[in-house]
Amino acid sequence: MKMTFEDMQQFLQEHFPQGAQYGELLELADAQATMRLPVGDQHLRPGGTVSGPAMMGLADVTVYAALLSRIGPVALAVTTNLNINFLRKPRSGADIIARATMLKVGKSLGVGEVSIFSDGDPEPVAHATMTYAIPPAKQGEHK
Amino acid sequence: MKMTFEDMQQFLQEHFPQGAQYGELLELADAQATMRLPVGDQHLRPGGTVSGPAMMGLADVTVYAALLSRIGPVALAVTTNLNINFLRKPRSGADIIARATMLKVGKSLGVGEVSIFSDGDPEPVAHATMTYAIPPAKQGEHK
Amino acid sequence: MKMTFEDMQQFLQEHFPQGAQYGELLELADAQATMRLPVGDQHLRPGGTVSGPAMMGLADVTVYAALLSRIGPVALAVTTNLNINFLRKPRSGADIIARATMLKVGKSLGVGEVSIFSDGDPEPVAHATMTYAIPPAKQGEHK
Amino acid sequence: MKMTFEDMQQFLQEHFPQGAQYGELLELADAQATMRLPVGDQHLRPGGTVSGPAMMGLADVTVYAALLSRIGPVALAVTTNLNINFLRKPRSGADIIARATMLKVGKSLGVGEVSIFSDGDPEPVAHATMTYAIPPAKQGEHK
């Protein structure tokens, strides 16, 4: 594990200055991360459920944190593919929680999966897989 | 074609009251739609490029418009799957444009594809395919 | 659970008469299935590794078995979407094993995920998610 | 364009010795390819329609040909992601045709899309997008 919980919190705040728009870190382990999105009006669709883009944004940043926990703070890793299945209507008024695990962390590609839940509900509302391209390491970096 | 350009504009404004957050309609044809997202600070990642969730939100609403142009104003059609490939860095400061075409409009599922461009640039910055579940028609609806 | 292990074995043999081409059932639980593909020459790419289509075929039938364990023998359920990430080179000469779990079984759609392994190796060689359209139940069926 | 039609035919025969199992080349242009799968018993599902794995195999090799037409005969390019939507039932007894176009050919990744048709039918039976990892060029190769 290349970053502590506190390292990651600070990294996410610096690189995602919109802050809570992208969620807060709850747990971090090697190649795993859990984040919460405190749901606000800007995340809602008519009817009061969380919008797809809000879920995709949270999925993206949570897998990113899981990847960086393994390779260290490589700010330039970029998402190349995201595939998401929307499974159930999120609960109205509930925050959403994302739990991500890397399936592979290679030299040039990282692939992770993430399940998204309405806070307090055991059935996932969405599930995504994601690929990140990892830029070539400069000397001294993420060997 | 079940909706005119003006019908669709009005429908989108009613169902996406956040309005410009989701983009404006440029063109509508049978099972095809083009939309523009006027890019603002809330859509940007550090470095000035458009964020992934902003592109995914535009992709989603543009395929939705392409679908509804064929089946009429079925507000309850829901996205069940989205797969997006991020191809190039969007141009800093440029709006993004999405062009969607339905590949299939069946009784219970619609599948569409969408290419996303930086305004003024011929190479796509992203490409997505998307599936919508269409609720069973009530009597008199989208036969 | 709507089908026993023996029910499922018999169902797969009847509906996939090519038999071992699609794999053999190892375990069945509610909304979960494990299958093995005894790898033969027809499944190999030059170099001796299992081909992508062989993995996709095994993924498909394993999720199908997981779905049917929940809804019963609905032969007409059809795959509508498959997304697969190839993670590592399969081991030369080893059979492949697929473990599938449904993420959702709704009235008209089932979504599952499946990890594929080289026999004896704990790291997955591929991971897929899949959607099945479930035909409307006739009276008396899978309520 | 780095390979002629005849170069590509020969390359595919050498690298896919199972030959017609993977299809025959019909057309080749820069970053584009069209192939046909002469459908035989081994490609059929009960009921006489072409199986999903047969379509996925044809999709894969056709995008591969489209990629190599741009970068030259790089045998080690590997598929990392495939996403396929099955749209309509293929016509019983008809060959299937795949038309592929690259959306991006970068230094380390190529992304393409492919539509699959029953021969003689204008509506696609399936549509896929695919990502290939391109191994680093050795000196003198695909600059």
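As written, the chains take the letters A, B, C and D, and residue 1 is the first residue of each chain.
Quick note on the criterion: a contact is a pair of C-beta atoms (placed from the backbone, for glycine too) under 8 Å apart; a residue touches a chain by one contact, two chains touch by 3 or more.
What you see is a predicted model, and the numbers here were worked out from it, not measured in a lab.
The interface with the greater number of C-beta contacts, when B-C is set against C-D, is C-D. Measuring from the averaged C-alpha position of chain B to that of chain D gives a distance of 28 Å. If you average the Cα atoms of chain B and of chain C, the two centres end up 33 Å apart.
Note: centroid distance chain C to chain D, computed from Cα atoms, is 24 Å. Chain contacts: chain D has residues 80-81, 83, 85, 131 touching two or more partner chains. With chains as nodes and touching pairs as edges, the resulting graph is complete, every pair of chains being joined.
By the touch criterion given at the top, residues 83, 85, 87-88, 103-104, 111, 113, 124, 127, 129, 131 of chain A touch chain C in their complex.
Residues of chain D that touch chain C in their complex: 15-18, 21, 42, 46, 51-54, 56-57, 60, 78-86.
Across the interface of their complex, chain C is touched by residues 80-81, 83, 108-109, 111, 131, 133 of chain B.
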